[in-house]
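Look at the two complexes coming up: chain A is in both, with chain B in one and chain C in the other.
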Partner chain A sequence: MEALADLWANSATPLAVAAAIAMLAMSVRTLWAVGVPSLAGLGCGALAGYLAAHILLAGYPAPLALLAGGLAGFWFGLVLAMAAARLQPAWQGLASLGLLALVTPLARMLPEWTGGREGLAFDVGQPALWSCVALGWALVLAARLDGSWFGRAAIALRQDAAVAAGLGIQRPAILGLAYGFAGLLGGLGGVALVLTRGAVAPGMFSTSLGLLAIAAALLGGAYHWLGPWLGALLIGLPSAILFDDASAIQDLAVAAVVVAVVIFLPRGLLDPRDSSRRAARARHRQRSVVPAMAPVDDRPRRRRSSGGPQRSRLDAAIKRRSGGPT
Partner chain B sequence: MVSLVLQIFHGAAIGSVYGLLALALGLLTRRNVPPNPALGAIATLAALIVYRLADRYDLPLLLTLPVGMAVGGGIAVLVEMLTVAPLGRPGVLRHTPFAAMVTALAAWVALDAVASLAAGPNGVLFAPENYPATVFGNDDSVVRLLDGMMVLLTVGCGMLVRRVLAATLYGTALRAIRFDAQAAAIGGVSPRRMLLLAALGAGALAGLAGILAALAASQAGVPVTVELGQSLLWKALAVLVLAGCALHETALRPGRLLLLGAALGGVEAVCGAVLPQWMPITPWQGAAAAVLLVLAVARPQGLLAWRRPAGAA
Partner chain C sequence: MTIGLQIAGISKAFDGERALEEVGLTVPVGQVTGLMGPNGSGKSVLVDIISGQLRPDRGSVRLLAEGGGQDISRLPAETIAGLGVARCWTDVRLLGMASVLDEVAVGAYTLRQASILGSMLGLGAARRDMRESLETCRQLLDLVGLGARAQSRPDGLSRAERGRIGIARALASDPGLLILDGPANGLAAADIAVLADLIQALKAAGITVLLAERNLKLIADCCDSVVVLNAGRQIAAGSPADCLANAAVQRAYFGATAAGVAAC
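And then the complex of A and B:
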């Protein structure tokens, strides 16, 4: 029992950081589901992180900070959706990068709210536990969203916006909801990150963190609801163990992983297309009443037929089925 | 009054460098592919390479400047190959802007990391003997030789790019690719080859912008760090969006970009002179990013375009 307690004490912080990265990756995936490559969830995470820091400094418990951060992220996501819906998807991504670039100078300019360069520090008991609880909520939400009408409408919208409109899918509504859910997940991730670090500072929500979230989503598989979690486990956990804070070496490694995954493994490790193909093959096998025969090659074989009394495989198959001697 | 006018000229000279980087960003912008932010990091890297050459081997600026531009062009070609390559591979990502966006972001973060390793925590400062640091006038009214050099170089580059875009087959092909790469390919243009050529030019322009901005920063006593490229990038993006050359798929207008950049630099100088308490917004990237966001939302076609924006959904 003591060994387990020691193991938890040693691995709690990296696990909590990985959980936060998983939630941020889920927010990236939620927007990608509607075809928008955006880091808006991280901006929502920054807002939620500062809000959570104020709630914790006021003496309220961590679950309330998580709840408030998630709701604030959802609201900010809806606001961003109203603002960015006019733009093309690629430009929405660039605008989200601008939002991230705005976070650091804005936090430094408003020291009475954000604590300036030093940020806000606080003390919370069991931060890793609350991060893992938040990750559980986020996973349940992601799984339910994938199976819902929202998930199906998002896929239709991503694959062909014109066809989706023809099917009666309202693009602004789905896009707004996607931004809202991405904000909710990003808000939970931001609060979890802040809880784990025990402080919130201007440089915490940078493009490096955004790239790490993208890498987790891509590596695990952005088409499966469990993909970001797997990616965060594979890339977020080692980076949390090896590097205390964002460093140049970490950035280089993550960038290399991202480029390699985009080129060689574009659908990630968890690909729902593979499982659906396997299921289709199994269904096909079950439906077939007559056992499938081996394909018959009835092409003329010049050398072999000219060389002796060998019969073609087609003749052999016909005689076998009619009951004659082969 | 003379002092304020000279300050505005100094700001306009620095602002023309923003326009130069905006021109580089615009060369690589096309339908569904936003500007490549890695060009900001390329600007920093080119400046750091020129610093190493000048500091270690005591080479003159006339020699190191082309080397820095060539290195910038080479890195941009490498980045473009990494960005374009996934789009040509079979897979679901080729149909989305995600691949180009993600690889460009990865290249930006990686190059920024390399630049931060090269610059060190405190940054580097060009020695006055390594660049034209001559200053005319007294303490109140100062004219810098470097400002004149910056204006001449940026205007020269702008005219060259305009000439290439407007009067050569390369320019026609590049404009065709900016509008529709598939249609251009059917018309006999090789998009990959043209984009690599465009990346070479864009990288060279970004390198020149970074070197000039680093020289100006060194003359002001500000060390060159990785924040130089980041700040320059957001200002250049703001110029690109303001000029309507980003979201609005019209021909790239180098003159408009340079003039707008100079105007923004002049406004920055006036703000610094009149409202010095507001200028600690350094890096100025926050304000530039805010301009970018507001404009992208409120007027996607930019301030200087009047037709319906093709970039808006």
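And then the complex of A and C:
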């Protein structure tokens, strides 16, 4: 038990940093899911980070700071969506780089609110625990959203906006949802980072952090909800152990990972298509091993009587085709 | 609700180049109407205008339904889809989903009952909505003969199978009017026969179909009435047999002689 406590004490901070990077990478991935290569979630993270610092300095607990940061990130994300909705995806990405570049000078220009160059420092107990709890919730929400109507609509929008419109998918609504959710995840990630460091300072939400989040999302797999988490574990954890803070060597290592992944593993380690590919291979093996098996029954099944009047007529047509009673 | 379509005086030009000139046609409720013409005649432009992907320079597009009609010529594509108009694309344009079933399920987006919050919180109603919709999509895949491929990757299928996925995806929205744009493009004769069978089944189900196609056999086999375009103008309208016998149509398709039809 004591050994376990020692292990947790030694690894808690790197784990918490990795959890924060995972949530920031998830925010990047959320906007990629709708075809927008944007770092807007990190801007939301900066806002949430400073808000959380004030909440903690006022003596409120870390969970409240996480909640407030997440909500602030969500609302800021919606505001950004309204501003960016008319732009093409590539321009939204460029605008988000501008937003991230604004964070450091703005933080220095508003010392009453941000603490200026020195930033704001505070003391908080168990930051790693709360960061990991927040990551757990973020993963659950991301998985549910991915498997929902809105996750499918996001893929459709990313792949072909004209076809998506023809299917009744409203771009502003899905874009707003993506920005809001990216803001929520970015807000949680920003607060988790601030909790881990015990301070917030102007240089924390820089392009280096953006690069780290991009690398984590790319390596883990930007097409799978679990990808950013895996990427953060593989990049964020070693990065947190090897480097105390953003450094030139860290940037170099992360940039090398980004280039290598883009060239050799563009869909990342986790690819949702792999599961269907494996299933297809398994079916193929099954057919070749057992050539005499009965042919696949491709006849229409009986439909339930749900749906509108057209559905009922379609039901009747299906039954006629299958030779059943109408 | 099954719906029809009335198009009047549609004109469209691109950079001064005329694509459609005063085109009009009626798609009666519950019937299969053919829109035929050789390559470049303006069929796909007209389909784009009907489905809201393009706006006409002049003219109107009205949906005909019990209890009145509605002008949709200035509405965006997503609103028109919500009114019960679904379309399939000439080049299918699948969306890169992980499985055939997912590809079809996205077509049911307009029928969803689940809210964003319900989906994120994993509420029972949201899960039930998705489950029922996937079951309907499986049945639609059965209808188009792809029931056994529900879990396959769409990009591994043939052109004919991908086309049928497109039809199932359009049917998933429970449309009142289905627009098929060039569904026979690149298909072998056997696949076109399957397609004709499917269109007849849709008609039997009471779905209004607008079939924009240049394959004469498919038009002749499936359509109740036909409108023929050439170089953006309407050159004939009537029954398939009348249109195929029309001298202007034969000139548009085969040159100046009717012998080309016999050779075909």
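Going forward, the second predicted complex is superposed on the first by the 280 of 326 C-alpha atoms of A that agree within 3 Å, B and C clash if a C-alpha of one lies under 4 Å from a C-alpha of the other, contacts with A are read in each partner's own complex, and residues count from 1 in each chain.
In the analysis below, a contact is a pair of C-beta atoms (placed from the backbone, for glycine too) under 8 Å apart; a residue touches a chain by one contact, two chains touch by 3 or more.
Treat the numbers as computed from the prediction; the structure is a model and nothing was measured.
By the document's definition of touching, of the two partners only chain C reaches A:P272; chain B does not.
Looking at the shared chain after the overlay, A:L211 reaches chain B, while chain C stays out of its contact range. Shared-chain residue A:A256: touches chain B; no touch with chain C. Shared-chain residue A:E118: touches no atom of chain B or chain C.
When both complexes are overlaid on chain A, the residue A:G166 reaches chain C alone and has no touch with chain B.
In the superposed pair of complexes, A:L177 makes contact with chain C only, with no contact to chain B.
Contacts of A:A156 after superposition on the shared chain: chain C is touched, whereas chain B is not.
In the superposed pair of complexes, A:L97 makes contact with chain B only, with no contact to chain C.
In the superposed pair of complexes, A:S148 makes contact with chain C only, with no contact to chain B. When both complexes are aligned on chain A by C-alpha atoms, no chain A residue touches chain B in the first and chain C in the second.
Against chain C, in their complex, chain A makes its touches with residues 140-141, 144-145, 147-150, 152-153, 155-156, 159-160, 162-171, 177, 272-273, 275-277, 279-280, 296-301, 303-304, 306-311, 313-314, 316-318, 320-321. Chain A makes touch with chain B in their complex at residues 32, 35, 37, 83-91, 93-95, 97-99, 101-102, 104-106, 109, 158, 207-208, 210-211, 214, 218, 248-249, 251-252, 254-256, 258-259, 262-263, 266-267. Listing the residues of chain B that touch chain A in their complex gives 32-35, 37, 82, 85-86, 89, 91-93, 96-103, 105-110, 112-114, 116-117, 230, 234, 237, 247, 281, 283, 285-287, 289-290, 292-293, 296-297, 300, 311-313. On chain C, the positions that touch chain A within their shared complex are 1-2, 51-53, 76-78, 81-82, 86-87, 89, 93, 95-99, 102, 105-107, 109-110, 112, 114, 116, 119-122, 126, 130, 132, 135-136, 138-139, 142-143, 145, 147-148, 151-153, 156, 169, 171, 173-176, 201-202, 204-207.
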